[in-house]
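Next up: some structures, all given as C-alpha cells.
Each of the two complexes below includes chain A, the first together with chain B, the second together with chain C.
Let's turn to the complex of A and B:
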C-alpha cells in the first residue's frame, strides 16, 4: 500500500493550491487538477478544505470529483495505462486486448499492480478512432494495438 | 365528539409541476382541445394542470425549477418536430398541444419499463409504501409488461425471492441509510431525478445532497458519500417531501402506514408560523407535511416543525391534575374537579388574607390567542387586578416599546414575502439559520439571487458564511455595544449625507430629525470612536452604513440579540431611526422585522398580556378602553398597571405576593437569575403550573394542571409578521381539557360566568373589543387561510405591509439613542463576556425538543470559546469547564472555535442541567425589564464535574417530581 500524507499535511498543501487558483473563474476544476498533480490523487481530506474555501458544500465538491473518472481517490501506479473501450475500439477488438492485458499484468481494470508499477484503466474514447484499438500510456497515445505492441507496453511499465 | 366527521379525509394539494410565472402578459394555448390562458413564461405542464389536464411527471414538482430529466412528461406540439418535455417548454400564443397520443404512450411506457427494470416495485412488495408518485405514474400509463426484464445489472437488494440480477449482478446495491432518526434513504428505489438534490439547494439552501458518480453509478449522496446524520444535512425534510419514489421516506410512514386524514394547522415552535398538514392515522400523528398555501412557509419546513412532534405522546407528559400541600411532598393525582376547586379556594383564601393584589397570572406565548386572552381576562375580571404578564417580558418586550414609541405599532412592519424584494438585508443579533430556519431559507434564496447582506453579531453565525452565502459586512461587535454601533451607522448616514430627505420631510417630524441628526453627528458617535469600544473596524461600520443607505431596498431583521440587553429598547429605537432616515419603510422589500422567538409571542402581546395594557396595546389607564371591557365583563377594572414577572417575584420574596397561575411557561429555567426566581416561587403559598410536563418551575408548584398540545385544540397563533394563522384540532385532548377549557373551569370556580363553547366565540369577543382585530373571525380565517392584523373595515383582508402612506402614530418619531454601557462589566475577576443563543435542532428550554430524537444533534449545551482564550486557560476541546459570574456558577463542556471572538464566550440554554440562567444577572432593559441575557461578565476555568448548585438542584428536582403511588388494596 502506498503511504498517504497525513491529514494536516493534506490540509496545508491543499490550502496553498487553492490560494494560487482561487481567483480563476470557475476555480473548482483547476484546483482539483492542481491537487491531483500535487498528490497523485484527490485525497478525501482535501474536499472539505476546498468546500470551505470556495464557500460551497462538501456534497457539491464530492459530486464534481466523483463525476470525473480522471480524478482518483487513491494514488495511481508509476505508470498509468488507459485502454479505450468505446464503440470504435470495441469493434476493432479492444475486448480481447483488454483481456490479454489484464492477463499479462495480473490485474483487472481500475486496479494497480502490487508493486505499484502500473494502473490499468478503461477510457471511453481517446479521439483516436481512426487508429483503433487505441490506448494511452502516461499521456502518450498508442494506436493500432496488437500483441507485439502489448508486449512492448508491458516491458516498459515493468522496467 | 367524533373528529373524523370534521376531517373526513386527507387534505390534498395539487402539484402543478413547475413554479408559477409572475409575468403580467397572458398567453392562450390549446391543450387536448381545451383553451387555457396563463401568464407568459408558464410551462406547458403547469398550463395543462391549471386547465385540468394532468401530464405524467417524475422529476418535476412546483416547489422546484423545471429540470427535464425524467422524459415522462413529453408532449406533441403542432408544427414542431419531436416530443419536447412539457416541464421545460414554455407556452406560446396559439400553441396546440397534445398530451396523449399513441406515440407519446409508447415513449412513456418505454421509459417507465426502463425505470421498473431497476426498481424493486412489484418484486419486493415491502420496499416502499406502494403509494408513491412513481407507483401512481406507472399505474396511470397502464404499465403492464417490462420488456427489459429484471435480470440485468441493477441496484436492487439481492436477497429474498428471485431478485433482479439473481444476486450476482447486483453489485450496485447499497444498504439503506437509516442514520437519520426521522427518514430513510434507500438507493435501490431511487430513479436519480434529482428532486431531493434540487430541493436541498433551491428550497432549503443547504446543498447537503449531490448526485455522485455518473451514468449507471449515479446516486444521491449526502455530503461526501456520508451517512445522512454525519453529512451537512439539517433534516428539514424538503428532500423527503420532494422524492417521487420511496427512496426518501418518513420512518413513521414506513412503520405505521399512510395517514388517513389531515387538517391544516400552524406549527407550535418558532415565530415564523409555518402552515402544516397534520396527518393522522387512528389517534396518532403520522407526519407533519408543510402546506404550500401557507403564506409564511410556502410549503417548506425545518427539523422541528416537520419531525419533532414526538413530545406530544412522550411518556413524561402528565395527564392527570395533581396537588400537594408543600413542595417537599410528593404529588397526589386528583380529579380535575378537585384540582380546580382546590385552586379556586386557595386563591380566594390568599386574596382574603393578603389582599386583592397578592395573586396574579402568567400567559404563555406557546398557547393560542384565545387561551392567552382568557388568562388575562381571568386575572382582570376574576382576580380584579392587573397582575398579568407573559414570557414576552424576557424576549421581545423592548420591540413592543421601541416600535410603539417611534412608529406607533408594537410589531414588525412587513410580511415574510417582502424578503423577495429586498436588496440589502441587515441581520442584527439574530441567527435565523438556527432559530428561524424557514425564514433563513427564504432569505438565503434571495441572497443567492444577488441581494447583499450585513450581519451584526458577536459570533460568526451560519448567516455570515455558509455554502453560497457570505455576508458583505460582518460587524463582530462586543456584546452590549449594539446602541453604540447602530448610532455609528447613523453617524455615517447623516455625516455623509446618505439620508432620504424627501421621505423624512414627508413622513417624519423634521425638527426631531434635525435634533437626532445633530446628536448622531457628534464625534463620540463616529465609527472611529465607537470602533474602539465595540471592537469593530471603523471601515466595516462605514461600509455597512453606505450599503444599507444606498443599496436599494434595505430590510432589517433582528432578534433577541437586540432586545435582551439593558439598552434593548434603545437599540430597537436605533433600528427604527435607521429605517426612517433611509426611507426604508412602507413598501415591499424594506422595513423593520423582529424575528419572534415563539409561535405566539406576537399574539400573546396583542392579547393584553402585559400588566399595563388591554388587548390591542391600549393602556389600562385609558377610561374609554376600560369602559369597553367593564361594560362587557360587568366589573370595575383596576386603572393602575399590575406587577411584571420580576416585580411579582420581588413581591413574593417581600411577602406580599402569594399565589400565581402560570400557563405554559417555565420561568425557573427561562427567566434570569435562577436563584432569585426559585426564592420567589418558594415564598408563595399557591403556585399553579399548567403545562405538558413537570417542568422546572413545577418543582415549586402546589397544583399541576395538565396542558394540551397544539394538536389537541382549536385556536389561532399570530406569527412574527402579524399573521393570524389557524390551529386546528386533530386529536382529542389527552388530559381531557384543552388549555382554554381548563382556564374556563378555573374562572368558573372563582365565580365568573363564562360559557365559551368553542374558541371561535373567544375570537369573536376579541374582535368585538379590539379595533385592530375587528374583522377577524374563524369563518374569515377558514375562508382565506390567514390574515395579518390590523384587520378591520379599512383592511378587510388584513395588512401585509404597515405604514404605507404614513406612520400609524402620525409622524415617525426620531429618538436620540445615547449609548450607556451596561453595569455588567468585565474586570480582572470576570474577564470574558458570555452571550447566549439557540441551535437549530433544539427549541428554547427544550421541554419539547429534548423529548424527541432531535437530541441526536444536540444532546448537551456546550460553551464556545476562542482558541486563544482556551489556550490561556489550558482548556482542550470537550473539557469540563466551570463558568462563573457575579451571580453564580455552572459547569459544561467546552467547544473550542473561532466562531466567537477572543474575549467572548457563547452557549445555548436548551438543557436544564446546564442552568445557564444561574449565571445571568438581574440587570434588565431600562424601559421594559427585559432581562440582559446577552451580556454577562464571566470567568472560565477547568473543572471536573457539576457545580454544587447543579448537584443540589438535581437533588431538589428529583425529590420534587415524586408522584405518590396509590396504596395497593390489602
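Let's turn to the complex of A and C:
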C-alpha cells in the first residue's frame, strides 16, 4: 500500500493548488478537481484549507465534496474501471457484463480489490451509446464489450 | 501532393479501436517509406462503420470501414492511398446511404474537417455566421434566431430567440453565456460528437450569443465522463483566442467575448439548468426555484443565457444562411433539423441529422435497420432516462416536440434507445426510479423520497405482493412526482415508469403468471 501523505504535506500541496486556481470565477470545483488529481482523492485535511482560503465554512466545502459522485474520500485502486449501467448499455446486456466482471474480479460495484489493483465503479452513460455496452478504463474508452474484451481488461488490471 | 489519411479521434471511434488502427497505419507508412499526413478528424456518426478511415484521392475522398489493425497491411497492398479496392472499401463517404439520407446543417463539418484547424473550419464555411452577425445590431441577431424557429435542443424546446431577447432586454453590468454540455442522458452523444469533431462551431455559436445579448463571458460546463471533449474544447478555445476569434476584440470588432471550459463532477442533475449554474458557482448542484429566470438572475445573479450545445452550435448556420433557410426544414412548430442519436440494441447505430418530421418507425426500422440481435423490437426509449418507452404501436409518431408530447412522451435531447423482445419493462421502470433516487439533488420531497418509495413499490409488484393495490400506488406516486417536483428529474421520471405500465402491462403481472408466460 502507498503511504498517505502527512497532513502538513497535504496542507502545503493543497495551498499551492488553491493559489493557482483561486482567481477563477466560482473556483471550488476546479480546486477540488485539482486536489483529486494531485492526491487521487480529496483528503479530509484539505477541507479546512479550502474553507479558509475561500472564506466559506468547512460544512459548505464538505457539502460540495459529498454531493458529487466524482470526489473520493479514499484513494482508488491503481486502475479505475467505470462500467456503464445506463439504458443503452442495458439494452445490450450490461447487467450480464457487470455480473461477469464482478465474478472475475471478486468484487462488487463501488469496491476495490484487496490487492489495490482495481476499483470497479458504475457510470451512467459515457456517450458511447452507439457502441454499447461500454466502459472506461483509466480514461481509455472501450466499446462493444464482450467476453474477449473483458478478459483483456482483467489481464491488464492484474498485470 | 502528400496523401492525406483521415482517422477519427472521436471517443466512439476510439472505443472501437481507432487508436490501434492509427498506430498500425503510421508504422506501415514508416516501414514503406511513404510520406503522408494523418488527420484525426471527428466521426461522421456512422458508428457501425467505425473506425472508418478515409483517404483524399484525386476523385475525392474514399472511405474504408470498419478497419481493424489487421487490415492495414492489405489496405496498403491494395493501394488504398489512391482509393484502391479492398474488402473494407465503402466508396465515397457521402454516398454511404446512412450519410447520404441526412440533412447536415449543425453537423455539416463534423467528421470531415480537422477539428483543431481553424483554416479547415473557415474553408468549410466556418465563421461566416459570426462575420454576418458582426454586421448586425444585437436586436437584429436576436430577431433572426427567433425567426429561424430554433428551440432548445437540450430537451425543453423553449424558443432560443425568446431566451436571448430576455437577456438582451435585461440590464446588467456583466452577463454570461453558459453552454450546457452536461449530456447525461443515456442514448445521447451529439454534444460529445460536436465538441470533439467541430469544437469551433460551438465557440462561434457562443460568441454570436454573446454579441447578441451583451454578454462578454462564456462558460461551457462539460461532464467529467467526456475527457476527450474537454481536451478538444480547451485546445480549440486556445486556438480561437490566439486567432482573435475570442478576446477583447472579436474578429477586430468592438465586441469582447471570451470563454472557459469547466468540468462537472459526475452529477446527472447538473444537466438541469439552475443546478448547473449552482455547480458553476462552486456549490452543490441543487435545483433553484423559478422565478427568477436565469435570463434575469442567472450565474452569480447576473443575466445569463443558458443553452444546450446543439442549440448554440446551430446558430452559426442560421446566421450564415439566414433564418428562412433554416426554418424551411421541419414540421409544425419544430423547425430546422435535429441530430437524432440512434443507440442501444440497433443494427445501424449512430447520429442521423434530419429535418423534424420523420416517424419513429422510419428512424428505428429503416435508418436503424432494426435490432442488432436480430430479434423483434419491443420498445424504444426516446429522450433519455426521463423519456417514455414507446411500443411498436406508436411507431407512426412523427419526430416533433408536440407530436411526442401528445403521446405522453418527449423527444428530449433526441436520443433513441432500442430494446429487443428480451427487455423486461418492469425492470426498466424500476431502473427509472432507482436512477432518480441515485441522482436526485434532494431539494424537493416528491423526487427525493418518491423515487425510493417507487423502487420499493415496484419491487413489491415484482414479488407479486398485492399487485393491484401496488400498481395503483405507483400510478398515484407518479402523479405526485410529475406535478409536485421542482424540476424535470423528479417531474419526468414518471414518463418511463408510466409508459412501461401503460404500453407493456403484461410485464407488470404477478410473478407466477410472468414466469408461466415465458
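In this section, the second predicted complex is superposed on the first by the 157 of 159 C-alpha atoms of A that agree within 3 Å, B and C clash if a C-alpha of one lies under 4 Å from a C-alpha of the other, contacts with A are read in each partner's own complex, and residues count from 1 in each chain.
Operating definition for what follows: a contact is a pair of C-beta atoms (placed from the backbone, for glycine too) under 8 Å apart; a residue touches a chain by one contact, two chains touch by 3 or more.
This is a predicted model, so every value here is computed, not measured.
Superposition of the two structures on chain A leads chain B and chain C into a clash. Contact with chain B, but none with chain C, is seen for A:55 once the two complexes are overlaid on the shared chain.
Set against each other, chain B and chain C differ in how many residues of chain A they touch, and the higher count belongs to C. Using the contact criterion defined above for the overlaid structures, shared-chain residue A:35 touches neither chain B nor chain C, since it reaches no partner.
Of the two partner chains, neither chain B nor chain C is touched by A:81. When the shared chain is aligned, chain C comes close enough to touch A:142, but chain B does not. In the superposition on chain A, A:91 makes contact with chain C only, while chain B stays out of contact range. Contacts of A:63 after superposition on the shared chain: both chain B and chain C are touched. In the superposition on chain A, contact is made by A:44 with chain B only, not with chain C. Superposing on chain A, the segment of chain B with clashing C-alpha atoms against chain C, chosen from 109-117, 199-207, 325-333 or 793-801, turns out to be 109-117. Overlaid on A, the two complexes show chain B and chain C touching the same residues of chain A, namely 60, 63, 67, 69.
Of all the residues in chain C, the ones that touch chain A in their complex are 11-12, 14-16, 45, 47-48, 50, 183-189, 191-192, 217, 224-228, 260, 262-268, 279-285, 300, 341-345, 349-351, 372, 381, 384-385, 415, 417-420, 423, 428, 431, 435, 438-439, 441.
By the touch criterion given at the top, residues 206-214, 221-225, 231-232, 465-470 of chain B touch chain A in their complex. Chain A meets chain B in the complex at residues 44, 47-48, 51, 55-63, 66-67, 69. Every residue of chain A that touches chain C in the complex is listed here, in rising order: 24-30, 32-33, 54, 60, 63-64, 67-71, 82, 86-92, 123-132, 134, 136, 139-144.
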